[in-house]
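Dropping the structures in below, format is structure tokens.
Shared between the two complexes below is subunit A, which has subunit B as its partner in the first and subunit C in the second.
Then we have the complex of A and B:
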């Protein structure tokens, strides 16, 4: 199996999602609150992962734009769960050595008097391994 | 009635009101919330990936503790509830995941999702009952028009959370009625406020949170309630010009365990 196929298989196994179920209706992207910020949109994650075209997703800032709000998961008429695909790709990025999106040193600049701890722990969970 | 209670990191720090008034109100309603000893932070986000084990162990420990006491596990913070409930669902339904976790925990008895996981709102609806709650109200909040803000974490994914209709929820509106106020239904109440990117993309977070507040106001709300510390922070930080408060504060006011604030 070549590297491209291996990566595809890994993303599918990790996410538990079958992108072949997608019927390309675009409802996920239509309901996505981060749509305008994304280079690749939720429906494109499904189709590009299915075709094995994953390197552009890995290189894109789009993986950090997902709000993990699960609107796409809830509203997909085919139960494809695009948010899980986006997360699986993001993990492929941040699990690489030295690829953490944020470190503890970034925290002082992030917080104000009212910042809830929830924001910091969530950011670490999403951006750091 | 005693129930296990997982407060979470924020309720011990920036959201002390959410914690304090949840406990006091529960006492009035006949439920003692027993804080789990040595609980650990849930991590704030449930990592959906199947090969993430370690990030879910703190939830499993809390769930096992509640199981050992044969109590339901209650939390108030939307994020804690979401993480713990999704973890419990995975322990119950994903045998490969549960097997890995149980090997790691190496307890005598394996855990397979036996604990009942409740959000505080579900505790009010399903264990106390909104009718019984209403009878305990000593200070009905008459005249207040309140928009319930659900956000994303309480309701989704519905296949796991199963709290309410994910597109037309009523649980917080029922609570608002029970404490004597008037619920205001508005379309954006279950759309994301953008809280997770309030550091990463502040402009996006502002756009999303403005849309929520504007919609609530347009439908006549003079106040917004939430269960989520991050939603509250994000809505206020981005300039909400109506009060955004924790639902437990109003509940405590109505039950007479919190002084009404002068407005």
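Then we have the complex of A and C:
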């Protein structure tokens, strides 16, 4: 298997999602609250991962813009679960050496009156290996 | 001992190309019982058949083995040949050395070896064949049509026109089905009522047709040609023979606030009602749940105003028994519930409606007299969003939607969008679609007209959510071609909801022992070659109960079902299939295993007296197979733990002999 196929297999295995089930309806992207922030949208994750076009996704900020609200998972008519694919790509990034998006040191600066503690905890979990 | 003749066919090069036919004929010569063996280029040709007949005469043959194509292809042919030669047609066995041999093997030695083995198995079987004669049963020359939508109407008219009496059982107070609720119909845009109601009148006036409206099928017994059906006429508290349909009662009834089913609950009707002006029969019906006279014994106004004296508060459900030769299922479809589609706010906003509700909103006889007004505030909507595939093509089907494409929604959405733009050019109309599926005569042209001539905006993408906010519906959707998310403030949203079979279809199928698919659509006997027959003999399928269909398809299928029924009712007697099951009463222990597995309900139990060796008599419960109902599937023979059940023509010892011959 070449590198591209390996990466595809890895993402599919990690997410437990079969992107072939996607019928390219776009309901996930129709429902996504973070759409405008994302360069690649949930339906594109399904379709690009399926075709092995994963490098652009890895390089994109989109993996951090997804709110993990799971609206796309809830509403996808085919049970594709796009958010899990996004999660799997994000893990490929942050599992690399030194690729943590956040460190514990970043947290204190973010603490203020407004931001719920829970949010920081989740973000820390999500963006760190 | 049989005297068996073996006839090996070349089928041109189809068989002879990979099977050494001469070697096969030679090898089978020495099998037990074989007294004659030969090969020929085309055994099914006239010359080939003549060769068989001659061989039977010359060699006093009692059984034939034809090594040729699949029995599906030519078993009937060779049975006729046997009959011509004076043999019982069931003394013929086919060894399939084409589909199951020459076509799947590439090497001559392997093909030949397998053909010889298949031939040996057939010889072993014929050695145990016995002559069989099909049973006969009479045919009741009357048909029952269940469901009075356009499918049932058309089938009933076609059967009745051929001279056979037909009864229609319709659960609603009137026939007409969904088509009666539609406004205009694609692809030609003729008004549904204008083309449907004359047919409804034809039904009412046809001397061969009886309508049991507000009725249901309560019980079905019997079999093809001889069904015994009990019909339950639900109490409507109005004497059908007296009511003139004048509607005076409807006007006077004080209990006016009951959701009007015919208008999809978008307005109200009184407790006594006639669904619509052209109802057939045009007879009032009292909704027992809404009438205070029936609930509390107070009121009785309708009875006072009825000049015909038709109101009868004491009416009871009535049960009618009738015999039929054939039954046609035409129970149609319904739109699925939108309750689980929270994202589309159907239950939160009155201005999110289904397409069937839209039909009523635009129908001149509907709640708004045909003016397109918002259900919430009666204002004219200026921005309308249509959403296709709502609940169709859903993989998470069980809880929300259906896995199949509902087939009709692309076309009716194009129709709705086009008609809206035509009548209200100031309205902005957007259709969200995944695919536009418009195969059908003049269908794609129709859809393109909606876009090109009428300016309907088609967006490839799906609506993700709808949030009611003040007067508007905030629609958020994807536009896949332009790679953007769209936000529309709509006044009205129309959901093209998936369709599903009527909920009553499943229990009805059980009563009829007719099979259904996992979606509860009735299954046809063969998806291509027998599309209007159910696998259960004497039960036929018409309309959307068999699968999603538009009106042109429904009507053609309805006519096809009628022609099959006519073909059946024309016969005076039915010849059965002699290859049916029978139980050996001495071995049967009455355990009911066979009854439980029989898909056709062919097995009943009799209490029979048996003389015991000690000269006492004992009553035992034993299985008995109804020869007219049994389809010879053989399920019971494998289920029977005591080996009492056997299938004629495919007896257990015959099958074992074949297996032995193959393994030898």
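To be clear about the criterion, the second predicted complex is superposed on the first by the 125 of 129 C-alpha atoms of A that agree within 3 Å, B and C clash if a C-alpha of one lies under 4 Å from a C-alpha of the other, contacts with A are read in each partner's own complex, and residues count from 1 in each chain.
Note that in this section a residue touches a chain if its C-beta (ideal position, glycine included) is under 8 Å from a C-beta of that chain, and two chains touch if they have at least 3 such contacts.
Please read all numbers here as calculations on a predicted model, not as lab measurements.
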item	value
Partner with the higher number of touched subunit A residues, subunit C or subunit B	B
First, second, both or neither for A:34, with subunit B first and subunit C second	first
Subunit B versus subunit C as contact partner of A:119, first or second or both or neither	first
Which superposed partner A:71 touches (first subunit B, second subunit C, both, neither)	both
Intersection of subunit A interface sets (partners subunit B, subunit C)	36, 71
In the complex, subunit B residues that touch subunit A	8-10, 13-15, 41, 43-45, 47-52, 55, 77, 79, 151-152, 155-158, 166-167, 191-192, 194-201, 204, 208, 228-230, 232-233, 236-237
Residues of subunit A that touch subunit B when the two form their complex	13-16, 33-34, 36-37, 64-65, 67-71, 73-74, 81, 83-84, 87-88, 91, 110, 112, 114-119, 121-127
Interfacial residue positions of subunit A with respect to subunit C in the complex	21, 23-32, 35-36, 41, 43, 71, 75, 77-79
Contact set on subunit C toward subunit A in their complex	343, 389, 393-396, 401, 434, 460-465, 476-480, 483, 485
